[in-house]
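Right after this note come the structures.
Look for subunit A in each of the two complexes below; its partner is subunit B in the first and subunit C in the second.
Presenting the complex of A and B:
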């Protein structure tokens, strides 16, 4: 399931379970590619929680994470960051990380 | 710049692969875009029996921790949970319980739910609805036009890659076959400057002083196996920077003694790049 975070909702959205966080920008080309891959993953694995954070709409959260490049992906397990991937990442690599995260 | 060129290979004499065959976009790439166009119209159904691609919830019991869960969601056949277990699921029904074998161990598996997404066949209408908010694609009115657009985009991307590859090939040949007299003091001064930047960056990113960094930190942060490996990479990078600067300056008759590392961003490489690009010949595959 893909959901969009705000600065107010972000912390609650990553507090439980396996969550993929995607910091993105609307005009960023590589972000669109990652976005497409995440949508495919949502169709294939609707039980994976995907939280999208628009860096322009969520300045507070983006500052907290010191996001200075996008796309920027964080992988959470029960509120803890277990992996961080800055920049473009292949679909295969993303699937593999998600597999480790949920199982 | 105190380093100097002893001998320089003329880049116009370097032989490289000039004929580049451009491949048509793959059906897989087209299918991915078509999928994007119809995905919002998907419907979910609850089929009687499991087929590959279905999203199922299982209750698994065994002596292996991974296969001992009251409720585990699995997409059958994407093999992220267990290729061996998933291959035994097709044909099972909801509420059915079966003893499956994984790695020689028995895994009692009960199917709690089965969901299947059904995507409509893409139509010209779907395509028009999908592209209407995408500036560079909004002119597309049919699947056929979409395929032609993707083919063109794919070939443009291949041309850009081919140009970069050819430029890299020539640069590498010139720099590795020319001879440079590197000034050790110049390298050492730049090495210290780059290491200071690295230390500051590492402190900010990882929160550790340089002396506290482990081999794992060097691997994650610098792609190096150790501190020594990272320092060697920096030194080699500096030699490469100097050689590139001296070469580009020489092609423009710029006095190398007036050069500094900052000139890396301002020296004009277009003459070299244009020459290499002019030699490339693009041919579309049949």
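Presenting the complex of A and C:
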């Protein structure tokens, strides 16, 4: 499921299960590239929640994570960050990370 | 900042691009179809299945617990996923040399696109599927308008920037471009992405100078995005009623 976080909802959205957090910006080219890949993966992988965080709309969360580059991806397992990737990564890499995240 | 805007030209002296957008019934239909597909996907429900097929969601015993496998996408294990095909609940399968059991088999189904589906979305003024299509039509016309206002505002900013007078410090530009590349990293640094990055950077750089701001926004991504929106806000207001659609709803 792809859901958009707000500063208020973010913590609850990453508390359980396998979650990919995508910090993005409306005008950012590489973010659009990653966004398309995440949409495909979401369809294939129903056990992963994808939480999108617009850095412009969620300044508090972006500051907490010290987001100084986008796209910025965090991979959560049951509320814990298990991996962090800054910048656009390939579809293949993303699939592999998500596979590891779940299994 | 050593670089600065010396004199900005008035927007009314710019030769504006043609801002009449042709939107056809097919364009909107396409958007509606895409949305309906996505909505159906997000409202999928599960039904039990007899036999594992591609796309089945299988619950397997695994070590001392259970795992879920979406068969056919190979996030788990290609060989195991192939071997699962045709299995039934209770059948056994070898996973990493260990015998595991199929605990349940499910498949995701799509809901029918009918009045009940439309009602379940709980949208204001939507009680039938036909209402829902009208709702989406209006939504997309509004969405297109906002998107095109943003698109043209960016384009007109570049025209305005070319016509305006600037003092540019090249060392400052070099240093900020490095910061910019750290903020918007691409997976691969090829010639094409570098050209794109430079274009994007210069728009952002001139936007910042147009606001008379210091370069802090290049250190914080959320500030940078906000700065860009602030810089084009006056242009958006200037062209808001100039962006028009030629759109005929009826055939």
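Operating definition for what follows: the second predicted complex is superposed on the first by the 103 of 103 C-alpha atoms of A that agree within 3 Å, B and C clash if a C-alpha of one lies under 4 Å from a C-alpha of the other, contacts with A are read in each partner's own complex, and residues count from 1 in each chain.
Please note the rule applied: a residue touches a chain if its C-beta (ideal position, glycine included) is under 8 Å from a C-beta of that chain, and two chains touch if they have at least 3 such contacts.
Not measured: the values here are computed from a predicted model.
When both complexes are superposed on subunit A, subunit B and subunit C clash. Comparing subunit B with subunit C, the partner in contact with more residues of subunit A is C.
Once chain A of one complex is fitted onto chain A of the other, the partner contacts of A:88 are limited to subunit C, with no touch recorded for subunit B. Judged by the touch definition given at the top, the superposed model places A:6 against neither subunit B nor subunit C. Legend: residue contacts after superposition of the two complexes on their common chain; A:69 is shown touching subunit C, with no touch to subunit B. Legend: residue contacts after superposition of the two complexes on their common chain; A:25 is shown touching subunit C, with no touch to subunit B.
Once the two complexes are overlaid on the shared chain, A:56 sits against subunit C while remaining clear of subunit B.
In the superposition on chain A, A:103 makes contact with both subunit B and subunit C.
Once the two complexes are overlaid on chain A, the subunit A residues touched by subunit B in the first and by subunit C in the second are 43-47, 95, 98-99, 102-103. Taken in their complex, subunit A has these residues touching subunit C: 1, 23, 25-30, 43-47, 55-56, 58-59, 62-63, 67-70, 86-90, 95, 98-99, 102-103. Subunit A makes touch with subunit B in their complex at residues 36, 39-40, 43-47, 95-96, 98-99, 102-103. Within the complex formed with subunit A, the residues of subunit C that make contact are 41-42, 57, 67-68, 70, 73, 75-76, 108, 182-187, 196, 200, 219-222, 224-226, 228-229.
Considering their complex, residues 32, 35-36, 39, 42, 53, 55, 66, 72-73, 75, 78, 80-81, 115, 117, 119 of subunit B touch subunit A.
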